[in-house]
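Shared between the two complexes below is subunit A, which has subunit B as its partner in the first and subunit C in the second.
Let's turn to the complex of A and B:
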């Protein structure tokens, strides 16, 4: 039984590994994204430096300048690590390539999750390395104690929640012809109420209480906040929040997939 | 159980959105969409024995691909039943997937930037092959399909023929008992087509793989399959041995001859229908069952000065048309 489960898991591991190898061919894409990340971070470092009036000791909503800059490095690295899974699924449904996926003894969602995690992990490390360079230069090293360990613990949950959110949009391709608009809205929600640009503590109380009930914070705010301000007790709560969303969104995605695939009309002959 | 496929009353209807032309039509479709029911497959009955090589033919839109997608469990039927290698393809899709293979000529399963060896490795994991068994099988397929030279070359650098050989070799990796081939030779040159047909035929003979093939190339059917099933408008209209079709319709070859000067009269040869396509171009339909190609060519060369000549199988649409006619004659004969 254990061997059978290991063999099943190994196929998804193989999907993740081959995706990483395939991604390595896109060197130009990596360089362009990294340059873009440098530019964004430079602009934000200037903005925050102005907000803190260059005072490295000042604290705004519980964050020092060093913490807020590293917070941005982590949220940007997580955001830019996200592969374009909604676009891929929509293209597979529209062009009929989904047929070649469904022919394999492999879960369709599992396949995309494995590919997503492989690609996201690679991109995350590249962007984190690039982002760290500029942050280190301007505000010094990330001396946040156990924070970086907490980031490593929370990053997988962050990727999985991000994947499941994208999948709820992507699977709409079974019913509607175009999902780009929905994806745009989802992305902007992550940027705002997900805490990409600002930690949630900097938002008005009423908005914070809404954000607390939404899944978006589990993607960016939770890991980045814990990385720059470690709190053992809060870490447990955050892990529960993240994996709670993984379970809830996982059920939604599976239900959508089952309904969608049973009414699939494969295009392309 | 000796049947690879057992299909009864398989039907698939799609609801297709209808839009009137123009901006008004688009707006109306938004407000009050109207739908039309399209019968892609309309009550197909099939039985295919294990080890058979079956050509599944029909004009574009006849329902071939939809049928294959239902038999592989990808599409759910509107009604009807099917057993594929004893499995219900819709309830047991994953279990069935371990025992069937498929190649869609227009959809690649190879990773574009990576060498085919990586795709072999991935598939070995996907089908949960034992490592030693996998290596032995991979080496055998590399040898048989002559992939050694480019197995480690990124797919993007391979020719279409090389790529298709890899696609088919990978489809055989897990020793499928039933292989669905959807236009496997599309876009390939004559030599590569022939080699691919030979390889599939060899594996069918040696491993007893059932082959279910759709193609627009009469050569695929003639040289690979022993039985042909023709569908149109979602229904089976012909189901008979290829040998019989060969005698009736597949025996025709199309010869186009460009002459050095305009002929004064057209040669009347037995078993040959001659048409003038242009003042100096003749198109001949040669029934090789009635007259040998050597005789026809000798006669042509004796009568005309030839500048250029091509010989090919008639297009699939012509073959199907001929099958319809032959079928109606057969039906008439049967009724008489």
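Let's turn to the complex of A and C:
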């Protein structure tokens, strides 16, 4: 039994490894993307430095300027790590390529999850390295104690919730022609109520209580907040929140997939 | 026969105008063919921009004034940037795709026709999402803008210059494909960076960064408009300077396109206009 599970998992591991190798072939694309990250982080550093009036000692909503800048490095790295899975799934459904995927001895969702995790992990490390360079230069090294360990612990959950959110949008392709608009809105929800652009503590109380009930915070805010301000007790709560959302969204994705694939008609071959 | 005789006859302005109008009419008709998709796409872009404004709303609730900028200034900045990009992409929708089309050999289609290549290429596509951007710009102006005649004139000039700067700068970045080959990725990142820089207050930047914003990457001419042009107390000095920059950039980008076009080698691609 254990062997069967292990051999099944090896298939998905192979998908992840192949995806990483595939990504390494596009080094130029990686460098260009990283340059954009540098620019965005530079803009944010200027914005937050102006907001803090250059005062490195000031604490606003529990964050110093240094913490805010590193918080942005982590949220940006996690955001830019996300591969374009919704675009791929939409194309597969529209063009009928999904038929060949369904023939393989792999779960359709499992295949995309393995590929997503492989690519996201690689991109995250590259962007984190690039982002760290500029943050280090402007506000000094990340002196956050166990925070970085907490980030490593929360990053996998963040990737999986992000993947499942994208999948809920991508699988809409079974019912509607165009999902890019929905993907755009999802992305912007992560930027705002997900805490990419500013930590939830900086938001008005009424908005914070809404955000607490949404899955978006589990993707960006939770790992980045814990990285710059470690709290052992809160870490347990955050892990529960993240994996709770993984379970809930996992059920939604599986239901959508089963209903969608049952009404799929692919012509030709 | 001299070289001059081989050159194609210069198109008459009236004929060019007729071509442009026909393309715009056909683009719009094409968009209307899939009305639901059109409304959804444009609507989503409108919502997307509103979400960004929500971020700024939250930001300015905590920090009411940042380097002299208030929420209303940033809202007008978004109106100018999104509105300008919107009209440029509606009317000249291919300006972001010149590098990709060139690399794929798709210029053959335009070169084979007795029409001015650049204008024909640019007006052959309308971006549906951009309609949402343009309407967003107008809606924000209606919400927080100055509705006097002078205010409307200032906003109109701002939109016009912003759209032209987007058009010419992104076109210039796309012409790199003629000189350094496969540069679609680079052109796209330059476009993305320019777009991002036009949506943050120019007064956040000091020193060399500010100099770059008003020269090499001229996004500052757009992102300074809420202060330099749209405020009631603003004179018209900035408007004249921005116009000068637009003309200069326009001349450089058009020259770069036609000079680069001489280096273009056909892909022998057979295509049909659909």
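As a convention for this text, the second predicted complex is superposed on the first by the 266 of 269 C-alpha atoms of A that agree within 3 Å, B and C clash if a C-alpha of one lies under 4 Å from a C-alpha of the other, contacts with A are read in each partner's own complex, and residues count from 1 in each chain.
FYI, a residue touches a chain if its C-beta (ideal position, glycine included) is under 8 Å from a C-beta of that chain, and two chains touch if they have at least 3 such contacts.
Keep in mind that what you see is a predicted model, and the values were worked out from it rather than measured.
Chemist: Determine, for the superposed arrangement built on subunit A, whether subunit B and subunit C clash or fit.
Modeler: Pair status: fit.
Chemist: With the two complexes superposed on chain A, say which partner A:262 touches: subunit B (first), subunit C (second), both, or neither.
Modeler: In the superposition, A:262 contacts subunit B only.
Chemist: Which partner does A:146 reach: the first (subunit B), the second (subunit C), both, or neither?
Modeler: Neither partner.
Chemist: Between subunit B and subunit C, whom does A:100 touch in the aligned arrangement: first, second, both, or neither?
Modeler: first
Chemist: Angle at subunit A, subunit B to subunit C, CA centres, as a multiple of 10°?
Modeler: Value: 80 degrees, nearest 10.
Chemist: Just subunit B (first), just subunit C (second), both, or neither: which does A:20 touch?
Modeler: It touches nothing on subunit B or subunit C.
Chemist: May I ask you to decide whether A:43 touches subunit B, subunit C, both, or neither, giving the answer as first, second, both or neither?
Modeler: In the superposed model, A:43 contacts subunit C only, not subunit B.
Chemist: By the touch definition at the top of the document, which applies to A:197: first (subunit B), second (subunit C), both, or neither?
Modeler: A:197 contacts subunit C only, not subunit B.
Chemist: Using only C-alpha atoms, work out how near subunit B sits to subunit C after the chain A superposition, in angstrom.
Modeler: Closest C-alpha pair between subunit B and subunit C: 5 Å.
Chemist: Enumerate the residues of subunit A that count as touching subunit B in its complex and touching subunit C in the other.
Modeler: none
Chemist: Can you tell me which positions in subunit C touch subunit A when the two form their complex?
Modeler: Result: residues 37, 40-41, 43-45, 47-48, 51-52, 54-55, 58-59, 61-63, 66-67, 185-186, 189, 192-193, 196-197, 200, 204-205, 209 of subunit C touch subunit A.
Chemist: Touching subunit B in the complex: which residues of subunit A?
Modeler: Residues of subunit A touching subunit B: 7-8, 10-11, 13-15, 18, 21-22, 25-26, 96-100, 102-106, 262-266, 268-269.
Chemist: Can you list the residues on subunit A that touch subunit C in the complex?
Modeler: The contact residues of subunit A facing subunit C are 28-29, 32-33, 35-36, 39-40, 42-43, 46-47, 50-51, 60-61, 177-178, 180-182, 184-185, 188-189, 191-192, 197-198, 202-204, 207.
Chemist: Looking at the complex, which residues from subunit B come into contact with subunit A?
Modeler: 14, 60, 65-66, 69, 72-76, 93-95, 97-98, 100, 102, 104, 106-107, 109, 111-114, 118-119, 121-122, 125-128, 154, 182
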